[in-house]
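Input: one structure, supplied below.
Read from first to last, the chains carry the letters A, B, C, D and E; within each, the first residue is number 1.
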Amino acid sequence: ACGTTSTQTSSSDTSQDKELTKITFALDWTPNTNHTGLYVADALGYFEDAGIEVEFVQTSSGYGSELVGVGQAEFGIDFQDTMAYTYASEDPIPVTAIAAVIQHNTSGIITRADSNVTSPKGLEGLHYATWEDPMEQTLLEYCVEQDGGVWDNVILDPVTVDDAVAGLQSNIDAVWIYYAWDGIRAELSDLDTNFFFLKDYCSDMDEYTPVIIGNDEYMQENPEVTKAFVAAVRKGYEYAIDNPDEAAKILCEEVPELDEELVTASQEWLADQYSKDAPYWGYIDEERWDGVYDWMYENKLVENEIADGTGFTNDYNPE
Amino acid sequence: MSDTVLTAKQITHSYEKENIIEDVSVHLKKEEIVSLLGVSGVGKTTLFQILSGLVRPDSGQVYLHEQEITGQAGHVSYMLQKDLLMPYHTMEDNVAMPLIIQGMKKSEARKKASSYFAEFGIEGTQRQYPSQLSGGMRQRAALLRTYLFGKEVALLDEPFSALDAITKSEMHRWYLEVMHRIRLSTIFVTHDIEEALFLSDRIWIMAGHPGRIVKEIVLPKKKEDFLLTNDSIEIRREILSVL
Amino acid sequence: MLEIVPHYMLPSPVSVVQAFIEDFPLLMGHAKTTVVEALIGLAIGTALGFLCAVLMNHFKGFYKAFYPIVVITQTIPTVAIAPLLILWLGYAMAPKIVLVIITAFFPITIGLLEGFASVDREAVSLFRAMGAKPMQIFRYMKMPATLGEFFSGLRISAAYSIVGAVVAEWLGGYNGLGVYMMRVKKSYSYDKMFAVIVLISAISLLLMWGLGRVQKVLMPWEKTKKHEE
Amino acid sequence: MLEIVPHYMLPSPVSVVQAFIEDFPLLMGHAKTTVVEALIGLAIGTALGFLCAVLMNHFKGFYKAFYPIVVITQTIPTVAIAPLLILWLGYAMAPKIVLVIITAFFPITIGLLEGFASVDREAVSLFRAMGAKPMQIFRYMKMPATLGEFFSGLRISAAYSIVGAVVAEWLGGYNGLGVYMMRVKKSYSYDKMFAVIVLISAISLLLMWGLGRVQKVLMPWEKTKKHEE
Amino acid sequence: MSDTVLTAKQITHSYEKENIIEDVSVHLKKEEIVSLLGVSGVGKTTLFQILSGLVRPDSGQVYLHEQEITGQAGHVSYMLQKDLLMPYHTMEDNVAMPLIIQGMKKSEARKKASSYFAEFGIEGTQRQYPSQLSGGMRQRAALLRTYLFGKEVALLDEPFSALDAITKSEMHRWYLEVMHRIRLSTIFVTHDIEEALFLSDRIWIMAGHPGRIVKEIVLPKKKEDFLLTNDSIEIRREILSVL
């Protein structure tokens, strides 16, 4: 069970009389350890200290940009690759990434241990569960071929696998997952599995996923709130980096439906990943960001070229 | 103002391009009872549907006094050939329906309707549903409901056909009494010549295909023992010969 | 390798019961949101379905214009309108209620339309002979004659209402059984997942049972029908 | 800031038509899959709903045992059974058809049950007096008397069948309008998204219209009813 | 073997705990016509439902010859008080239904049923639906349907009540002719004493509350002009006094 123990929730009882700025934050899906910093910032009063009151809203996947774009949420979570489609369109959704939650793409391919897969080439002859996304297939193809394999030898099964551990025990051999959640979960299960990170086979295509986005108009009109918000979030993630166990407890307390064992283990692993190789948490490297979009254009995933510098800013999250 | 309450002028009507009744012109006088005789399928019910305004005739007009009511329902009391009690209303509500429709408060309408149940031999069935009653009881309830329409003209399509001799003559007596008291004018369909002779002032005989009023018989005013007179035997013969 | 249900996806009944007991307060909190959404949606949907059917039955032009629209509302997948609903109505109960309304009104409208169409024409004649206005014919004849079809539509709507609210909650929100369900599913807590499914079914059955009772009360004449065999 | 629909989410009709024309062969290919799934699912669902209703109407014990199960099938969210269905049936049409069946059979069962329950008891008496066996009473009396309710249930099922197949396709699959829809949605192609929604509605309307025709043919006596007013 | 075809022994039945008929014992002989008279609501239809096996009496037995058929439907031809033509079948199919039920091929059953339509004055209505016919035509169709049950005992609940004198006497003649030809035995409910006198061999009078058979009148065998004899006037008086 998750979140039965009690930790301090609010460290701050200052400024009771101050009007708090209300903000809605659209999560990309159900709350998980990608969001820990946000919940920590809320629970430990970092937002309140910054004069902000945040309401987290759980959404179905794929609405991040839309919900933030239309202004139903001021901030939210989306992914660099999916945002490319709107930036490449004639009438882009007015959202911009303002902080990277995790520096590197922590996704990869999980297989049963008895398949003896250690790299993308190993997928040849295996059944891979595809959700039939052009980006997904193109990137995986790229990795397989970079690794010296032949993409056509990978058998594509068009199925959305909600549970990789379950999927690997059916006629599926390989599933694309996020290591921090599904990978850790697989480690906790009885099933022996192998896993490799995709970014290790496409160093020129290490996308930011997930990122925090904001509504352009709102941010322009409220730069101070935005900065204060990002700063509080950053403080929350920094806390999670330093105190993974405590952070896991906080997340579990805020979202009692979650499985504590999974959260704790996931948090332990993610602590080192949030700001790995970056000068500070949330930093977005311009070259890497633009490189991803260039790569997507070259691989015909988007119809129009996306100008350099599109879609992100570090302005609200300065050094 | 004449004493004619209901007038039909040159009514012709067809179903599926076949004329059912043709050129029917009749009038009904105040406090008169006219019976309509005719073989099955000749068009009696069709004529009633036109007189009641439920069906607009292909041609011809219907007048209530001087007011044209062709194709306008709701001006006369009409008892249809089927009892048509609603299975989802209690007997009381079924009978009280015309009062409720006219805007009387439900509780009051029920009370009024209920007060006639004994006279109609259906006392105690107020809270029952129609499916729990016998055929004759249902017919009496339908007659009572028609009475509660409260119009000055009543069209009754075989109102007593499901009743035994005793119940029927009770209903006859009640009807004649009410007729005079409330100055009601009536046309009714019957297959019972005795009933026609006993109740009516005039008899219309409908025959032919398409149906027309082929004969009108005016009966003598006073009817005490009339049914046993030679006159009446003559009339019976006449009716049967026309039919 | 293929079992009927893989053991890792099928928690034991004991663990489901345990999960239910353990999370009971949490479940009840979420259930309250969902039930409120479902009931409000069902109530408004019923009223709307009723209104649609009455208007469509009464005005031929309205019928012709409205029938396709009514069908179309049922053929647009939720995900397609969800972002707009959230855009217009936010993340609280409103968009979920709207989705339940869209689900609920349709079977009611169709059921009532069929009922109205099959009403006994001679009974209509009788009421017209009484001088009844259309509203009175409706109230005293068409409506009671159609109650059976109405309840059959309402049964269908009611069966969909709770799960409709749950699915709507997946679109986004703060709480509700749908929010709970997604979370425990993502946490791979199959015992809790089963517990919430059982709860959803139980609430739905309760609702259906209640409807049955209401129908019995509103249609007392059905009791008096003799039973064949 | 809040427009009714943000311009970037509302493609112009022209671009929707363009998207439709451009993707026409692709759309037709996907549509074929979806229509086949929907029609097979609807056919089997209808047969199953029919069978359920007949058995439930005929055997009191069956009714009591089956009614809750029938309701429960409607209250389990698709996502909860989808993984199992795919596990058992693979990614081709089978699991989608099963999901359409689950959706389709329910309104038919409920409609028929209501119809059977409201059959005229005296008509049953007459048939029994003729020495009719239960099957004959069913065939010559209950069934024609209940056709109206049957079609009202079938209308509801049919309206759900196409979109039901579309939603089922989101679970995964090689083709079908649901697969197409997810793809264009992911790439924020609102023009294509609208084009496919319009197509889904159009197919559904066509299906409903066809049903109306069939009903007219199967219920010729309805034509002879005099119309009031 | 005796010539009794139908026997009812000490039948008692109640609705809602109230006895409707009590201790009714009757028997019907081969080729006999018995008419059942009684005021509306006395229990005639209830008795018929029991004799036909549609309703199982609270106590008592029904036998067809020596075979007990209490509560078993399908052994006798039964014309219910309502016509009960199915609105969703054509007239032809409605009338042919007993033949279809007995397993005759539909086309053959239709042909056979159709061949009687002229005799019943409903020729040409084969493909119409019941709602398009007059009340009397519907009643005749129901009578024809009952005839096609083809059993040796017929129970007819007010079979001629919606018919005019002419049509009625045509139907009477047809019935007597058929009766003798196919050796049918009949009980029928009527409210028309003349009809009872004309058609029946015996008359049962039901009266009281709960209803019992309080009187049985055996009529003289030959009926030519019987209705005009003094005997018959005596019997009429007797019947009315009992009712």
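Operating definition for what follows: a residue touches a chain if its C-beta (ideal position, glycine included) is under 8 Å from a C-beta of that chain, and two chains touch if they have at least 3 such contacts.
Bear in mind the structure is a predicted one, so any value in this text is a computation, not a measurement.
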Checklist entry - Can you list every chain in contact with both chain A and chain D? => result C
Next on the checklist: Need the graph distance between chain D and chain E over the touch network, please.
Outcome noted: 1
Next on the checklist: Suppose chain centres are the mean of their C-alpha atoms. Which chain sits farthest from chain E?
Outcome noted: A
Checklist entry - Considering A-C alongside B-C, which chain pair is linked by more C-beta pairs in contact? => result A-C
Checklist outcome for this item: Chain-centre distance (mean CA atoms) for chain A and chain C, in whole Å, is 37
Next on the checklist: Counting only Cα atoms for the centres, state how far chain B is from chain D in Å.
Outcome noted: 50
Item to check | Separation of chain C from chain D, taking each centre as the mean of its C-alpha atoms, in whole Å | outcome: 16
Checklist outcome for this item: The positions of chain B in contact with two or more other chains are 82, 131-132
Next on the checklist: Two-or-more-chain contact residues of chain A, please, as numbers and ranges.
Outcome noted: 66, 70, 162-163, 166, 170
Next on the checklist: Give the residues of chain D touching no fewer than two other chains, as numbers and ranges.
Outcome noted: 2, 6, 9, 79, 83, 87, 121, 125, 128, 185, 225-226
Checklist entry - Touching chain C in the complex: which residues of chain D? => result 2, 4-6, 9, 68, 71-72, 74-80, 83-84, 87-88, 106-107, 110-111, 113-114, 117-118, 121, 124-125, 128, 148-149, 151-153, 155-156, 159-160, 162-163, 166-167, 178, 181, 185, 193, 197, 200-201, 204-205, 208, 222, 225-228
Checklist entry - Can you list the chain D residues touching chain A in their complex? => result 1-2, 6-9, 79, 83, 86-87, 91, 170-174, 179, 182-183, 185-189
Checklist entry - Quick one: in the complex, what on chain E touches chain D? => result 49, 52-54, 73-76, 78, 80, 82, 84, 86-89, 97-98, 100-102, 128-129, 131-132, 149
Item to check | Residues on chain B engaged by chain E in the complex (per definition of touch) | outcome: 15, 37-41, 44-45, 81-82, 121, 132-137, 140, 157-158, 161-168, 191-193, 240, 243
Next on the checklist: Using the touch definition from the top, list the residues of chain A that touch chain C in their complex.
Outcome noted: 1-2, 24, 26, 29-32, 55-60, 63, 66-67, 70, 72, 162-163, 165-166, 169-171, 181, 185, 189-190, 255-259, 262
